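Heads up, there are several structures right after this.
You will see two complexes here that share chain A, one where it goes with chain B and one where it goes with chain C.
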Partner chain A sequence: MDKNLNQDLQKELRREALKRNWRLFKQSKLGMIGLYIVIFFLFLALLQPFLFITGIWNKGVYDPVVGYDTIKDTLLVVECPKEYPTEKYESYTDCPAKGEVNVKKLYMAPGVEVGDMYETFIQPAPPSRTHLLGTDSLGRDIFSQIMEGSQVAFILGLLSATLGVGISTILGTIAAFFGGRIDAYLMRQSDLILMLPSLPLLFIISAFAELKVWHLAVVLGVIGGLGGSVITIKSQALQVKVKPFVDSARITGGSNMKILFSHVLPNVAPLALLFMVFSVTGAIASESVLSFLGLLNIDMSWGIMIYLSQTDGFIFSGMRYWWLILPAGLAVTFLAGGFYLVGRGLDDVFNPRLRKR
Partner chain B sequence: MKKNVIEVKNLEKYFEVSSGFFSRKKTTVKAVDDITFEIPFGESLGLVGQSGCGKTTTARALCLLDPKTGGEVNFYNNDVSSMQSIDELEGEELKKFRRNIQMIFQDPYESLNPRWTIKDIILEPLNIHNIGDLDEREEAVSEILQTVGLTPPENYMPRYPHELSGGQRQRVSIARTLIMKPKFVVCDEPTSMLDVSIRISIMDLMLNLAKDLEVSYLYITHDLAVARYMCNRIAVMFNGKIVEIAETEELLSNPVHPYTKRLISSIPVPDPSYDRKVYDVNFDELDSLIEKHGSDKPMIDIGNEHFIATHDVKGLI
Partner chain C sequence: MLEYIIRRTFQMTIVFFLFLIFSYLLFNAIPGNAFSSLLLNPNLPPDAYQRVLEIYGLDKPLFERTQMYIVNFFKGDFGYSYKYFPKTPIELIAERLPRTLMLFSIVNIVAFYTGFFIGKVLAWRRGSKAETWITVTSVFSYTVFYPWFALMMLWVFGYKLGWLPIGKFLFPEKWYDAPFDSDVVFTSMIKFTVVVSVIQFIAYLVTRGIESLSLRRNLRFGSLLAIFIGSYFYWNNGEALIQKPYASDIAYHMILPVMVVTVVAFAGTALLTRTTMMEVLKEDYILTARAKGISQKRIRDRHAARTALLPVVTSFIFTIVTIIDGSVLTEQIFSWPGMGQLLLQSVLEEDIPVAMATFSFVGVFALIAHLLADVSYSYLDPRIRIKSQG
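This part shows the complex of A and B:
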C-alpha cells in the first residue's frame, strides 16, 4: 500500500520533470521548428510502407527502385528542315514538335508522314496528379523515392549517431576517470581522427569494401565516436568526477566501475544525447555526398537521386527538370537542418546557462 | 582513560608541484605537515583555521580519498578491540573500515547526485555494502529520514535533490552518512553554506544524533562560534600545522597562540557601536618562526590539557 503510493508519487514526479523539460524545449522556437521538420520526414518515411500495404499505391508503378509508369504523350509530326541551321530554325529543338529526340527518330522512321499523330513515352515526366513530384528518367515516382530516402536517412542517421555517441561516451568517461596513459592514448587517438579528413577517408574505405547502409552507419559511427566528441565528453566527465557525491560514494566504498556507471555516466548522458542529435546531421550529409559520388551500394537514397539526375545529364538543364534535383536536395538540407535545430533546442534544456530567464 | 576512536600521528600530506612546463624541478607544497590529534569515542574535535590551511586535506586523507604521504592514522577496530593502522587494511577489512567512517560535505547542492532520487541516494551505502534485503533497506531509509526530521519519509523518498531546500538537502546528506551507523564522521563545514536560521537546527540535529548513535565528529569549520557549539575540543590549524589544541572553553577563554588570538578577536559582534580590536599578527613573521623552530618536537602542554606548538613557547611567550 505504502509502496504503491510511493511508486505512484515517483511516476507523478517523473512525469512532471518530463513536462518541465518539454516546456523548456517548447520555449526555443528553433528547436520546435526542427522538431516539426523531423516529424514531417518521419511521417513521410512511415507513410510509404503504409501506402503499399493498404494498396493505395501499386508496387509495380510506385516502387522507388523497380516501379515504372507508362506516361504517354501524343506528338504531332510536323515538317522541319532536314538541314540546320536555316533562317527559321537553328536546331532540332526549335522545331515546333514536342520532344526533339522523338522528332529526330520520326524522320528516320520510314512511313511516317507529316501530320501523323504519334504516341511516345515521356520520361522524366513533370509533376502530375498521379505522380506528385513527377518521375525520374527511368519512369519511377520521385515522391516514393523521397519517402524511401527518408527511411534510409533515419536508419543511417540514428544508427550511426547511437553507435558513435555510445563509443565516445564510454571512451570519454574512461579517459576522464582513469586518466594517465589511457587518457593520453585516447586523446591522441581522437586528435588523429580529427586530423584525418573524413570524406577522403570514406572514399578509400568505399574503394576497398562494398558499403551498404548498415556498413556506412557503422563506419560513420566509429569515426564519429572516436573523434572530437570523446574530448568534449571527457571534459564533462572531468567536471562530474570532482563533485562531492562521487567522493562520498568513494568513501562509502563504491568501486570505480560502480561510480563510473551509476554516477558519472548518468550525468554525462544529456551532453551525449545532444551530441547524438548533432551527429545525425553529419551522417545524413555524408551519406548524400558519398552516394552522389556513386560510392555506396544503396538502392535508393536522396544522394542517389541527385546522382542519377547528374549521370543522366539533367542536372545541368537548369530548372527545366527541377523535380529531379530540388526535392532530394531540399530533403537532405531540411532533415539535416531539422536535426541540428532540435539539437539547439535540447541545448537550451540541458545547458541551463544558455537558458533565457 | 578514554578509548579513542581515531588517533592521528604526524600526519603529512605533501603535494609535488612542477614549477614550470620545461623545468624538471619540483617544489613540494606541505598542505598538511606533521599534525597529531586523537578523538575519543562520542566526542568531537573542531578543526579551525583559515582557508587553505589544510583542514579539508586532512579530512580527505583520513577518509582515504587521497593517500597520505606520511604519518600514521590508527582506527579503533571493533573486531579485535584495539587500534589498527589504516595502512594495513585490505580487501574485506578495508570495506568494513569504510562502514565506520563517513564524510559530510560542505556544499549540499553538489554532494547529492542530481539524477538520483533521495531514496536512491540514501540507499547507496546499503547497496554498496549489501546490507539487508530490499524491504529492510527501504525500511531503514524511511527510518533514517524520520530521524533527520524529513517527515513523512514517503513524501521525500521519490524526490530529486533539486526539489529540496539547502537545509533539507543537508539533512539528506546526514541521513546518507548515518545510515551505516558509522563511529566516526568527518564534517567538512556542513553548515557554512546554509542560512544562519537553518544552521542551528542542523547543528542541533547533528548533536542529538551524535548522542543517540555515539558518533564522533571531526568538525571542520572556520567559524569559532560553530566550533564552540559543536565540539568538545578545538584544534587550531595554521599553514598545515596544528598550532594550538585544547578543550573548547579553555581555548576560547585562554588563547595563547597569536594566531588563535587573532581568530578569536575577529569574531564579529552584533553591536555596531562596539569598537572591536583585532589582534594583529604578522603572518610572514609567524611563518618564518614556524620555519625556524621546525616541527619535529611534540606539542607542549601548558596545563589543563592545553597544547601549543613548540615554536610559540620559544618565540612568543
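This part shows the complex of A and C:
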C-alpha cells in the first residue's frame, strides 16, 4: 500500500515536471517554430502511405520511384529566324517562346509544317493541379518524392541519433564514473574514430558494402556514438559524479551499478537528449551529402533529387526549372533547421542560465 | 602533468599503430585495385596486368604487405603514388597542402571574427526584433544543405551575373607563357598573407592595452593603412611585379569559395558565442560592473565577451583540426586542387600509398590536437583537473 502510494506520488511529480518543462519550452518562440517545422515534415512523411492506401493517389502515377505521368501540350510550330532582333523576338533566347516549338527540332516528325499545331508531352512538367510541384525529367511526381524523402530523413535521422547518443551516453558515463583504465581505453577508442576523416571513410564503406537506409543509419550512429560525443558526455558526467548525492548514495550502501544507472545516468540524460536532437541535423546532412555524391543504394531521398537535378543539368538552368532545384534543397535545410531550433528550445529548458528570467 | 603527457604520448603511439593497420586493411577491403582498369584495355597483352601488380608488389599476400607497409612507414618511406608514379606521397602533400591551408585559414579567420561579433551582439540584444531575424538567418546558414547552397551561389555569381569564375584554381590560358610555376606564385602569396596577418596581429596586441577608444581605433586604422601602402609597394617592385597578374588570377579564383564557405562557417561561431555569452551575462560580476556604473559597451566588450571567448576559442581550435576533413566537399564542388581533393581522389582510385599518407597526416593532426585541447583545458580552466590517469 505504502509502496503504491509512493509510486503514485512519483508519477505525479514526473507529470508536473513534464508540464513545467513544456511551459518553459513554449516560451522560446524559435523552438516552437522548429517544432512546427518538424511536425509538418512528419505529417508529409505519414501522408504519403495514407494517400496510397486510400487510393486517392494511383501508385502507377504517383510512385516516387517508378511512377510516370506526362502532361499533354499543344505547341505552335514556328521557324526561328537566322538573325535577331526581329519584330517578334528580341534575341535567340526568346525563340521558341512559350507555347511554340522550333521546326528544326522536329526533324524526326515528318510532315510537320510551320503554322501547324504540334501535340507533345512535356517533361519535366511545371506545377499543375495534378502534380503540385510538377514532375522531374522522368515524369515522376516531385511532391511524392519530397514525401518519400522526408520518410527517409526521419527514419535515418532518428535511428542514427538514438543509436549514437545511446552508445555515447552509456560509454561516456562509464568512462567518467569508473575512470582509470576503462576511461583511458574509451578515450583512445574515440581518438581512433576521430582520426578517420568522416566523408572518405563513408566513401570506403559504401564501396564495399551496399548501403541502404538502415545500414547507413547504423553506420552513422556507431561512428557518431563512439567518436567525439563520448568526450562531451564524459565531461558532463564528470560534473555529475562529484555532486553530493552520489556520495550519499554510496554511504547508504548503493552498489556501483545502482549508483551509475539510477543516479548518474538520469542526470546526464537531459544533455544526451539535447545532443540527440542536434545530431539528427548532422545525420540528415550526411545522408544528403552521400546521396548527392551518388554513393548510396537508396531509391529516393532529398539528396538524390538534388543529385539528379545536377546530373541532368537543371541546376545551372536557373529558376526556369525551379521545382527541380528548390523543394529538395529547402526541405533538407528546413528539416535540419527545425531540429536545430527544437534543440535550442530544449537547451533553454535544461540550462537554467540561458533563460530570460 | 609531465607524467600525464608522457603516458598520453605512449597511448597515442599505440592508437596510431592500430589506426595504421585498420586503415590499411580498410583500403584493401575495397573491391578491385588501382590497376583494375588495365584489364579493360584490349590493346594490352594479357600478362601486362599481372606484371604491373608484381612491380608494385600487389600480388603478395595481404598480411605480408601490411607488415611491409608499417615497417617502411616507421622508417620514413611512404612508397610511391600509383597514379602519379614518380612522385611520392610527401611531394603530393607538399604541393596540395598550402592551397587548402591558404583557402581555409582565410575562411576561418574571417568567419571567426564575424561570428564572434554577431554572437556578441545577439546575446546583448536579447529579445529584440533584430535578434530574432539575425538568429533565423544564422540558423539558416548553419543548417543549409551545403552542396546545394554552393551550387546555387556558383550559378548566381559564376553564371547568371558572370562576375566570378566557376571553380578551378586558375585560368590555364593565362599561364601558357608564364615564366614560373603556379606553386612559386602561390608560395609568395602565402608569404605575403602571413606577413600581413602577423603585422596586423602585432598591431592589435600593441593597441589592446590602450584605454581611450578613439586613439585605439585610430591606431588600428593607421596600421591597416600602412599595410595597404606597404603591399602596394611590394606588388609593384622587383620580382613581385612580374608575379602580380598571375597572383591576381589565383586570388580572383579564391573569392567565391572563400565567400561561400564563410557564409556557412560563421554561423556556428555566432550561435556558440551567443550561448556562452548569455551564460556569462548571468554571472554576478556583470551585475557588479553594472552597479559600478561602467558603460554598457565596456561591460559587453571587456567583461562579458572576454570570458565568453574561452569555449569559442576551443571549438575554433577543433575547427582548424577538421579543415582537411571538411575541405573534401568544398574542393570537390569548386574543383579546387587541394588536400581534400587529393584525399578523395586517392580513396576513389585506390591509390593506397597516397591515401595512407593523407589519412595518417589527418590522423596525427587530430591526435595532437586532442592532447593539446585536454592540456589547455586544465591550463585555462583550473576547475578541470587532470588526474594521473585517463
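A few notes on this one:
As a convention for this text, the second predicted complex is superposed on the first by the 313 of 357 C-alpha atoms of A that agree within 3 Å, B and C clash if a C-alpha of one lies under 4 Å from a C-alpha of the other, contacts with A are read in each partner's own complex, and residues count from 1 in each chain.
Just so it is clear, contacts are C-beta pairs under 8 Å (C-beta built on N, C-alpha and C of every residue); 3 or more make two chains touch, one makes a residue touch a chain.
If you're wondering where the values come from, they're calculated on a predicted model, not measured in any experiment.
Once the two complexes are laid over each other on the shared chain, residue contacts for A:63 go to neither chain B nor chain C. By the touch criterion defined above, A:258 reaches chain B but does not reach chain C.
In the superposition on chain A, contact of A:333 is made with chain C only, not with chain B. Contact with chain B, but none with chain C, is seen for A:267 once the two complexes are overlaid on the shared chain. Set against each other, chain B and chain C differ in how many residues of chain A they touch, and the higher count belongs to C. Looking at the shared chain after the overlay, A:249 reaches chain B, while chain C stays out of its contact range. By the touch criterion given at the top, residues 60, 63-65, 94-95, 98-99, 101-103, 105-107, 110-117, 121, 124-125, 128-129, 138, 154-155, 157-160, 163, 173, 176-177, 180 of chain B touch chain A in their complex.
For chain A in complex with chain C, the touching residues are 29-30, 175, 179-181, 183-184, 187-188, 191-192, 194-201, 203-204, 207-208, 235, 281, 285, 288-289, 292-293, 302, 306, 310, 315-316, 318, 325, 328-329, 332-333, 336-337, 340-341, 347, 351, 353-354, 356.
Looking at the complex, you find that chain C touches chain A at residues 11-12, 14-16, 18-19, 22-23, 26-27, 29-31, 126-127, 132, 135-136, 139-140, 142-149, 151-152, 154-155, 159-160, 275, 278-279, 282, 324-325, 328-329, 332, 343-344, 347-348, 355, 359, 362-363, 366-367, 370, 384, 387, 389-390. Contact residues of chain A toward chain B in the complex are 2-3, 5-7, 9-10, 13, 17, 243-245, 247-254, 258, 262-263, 266-267.
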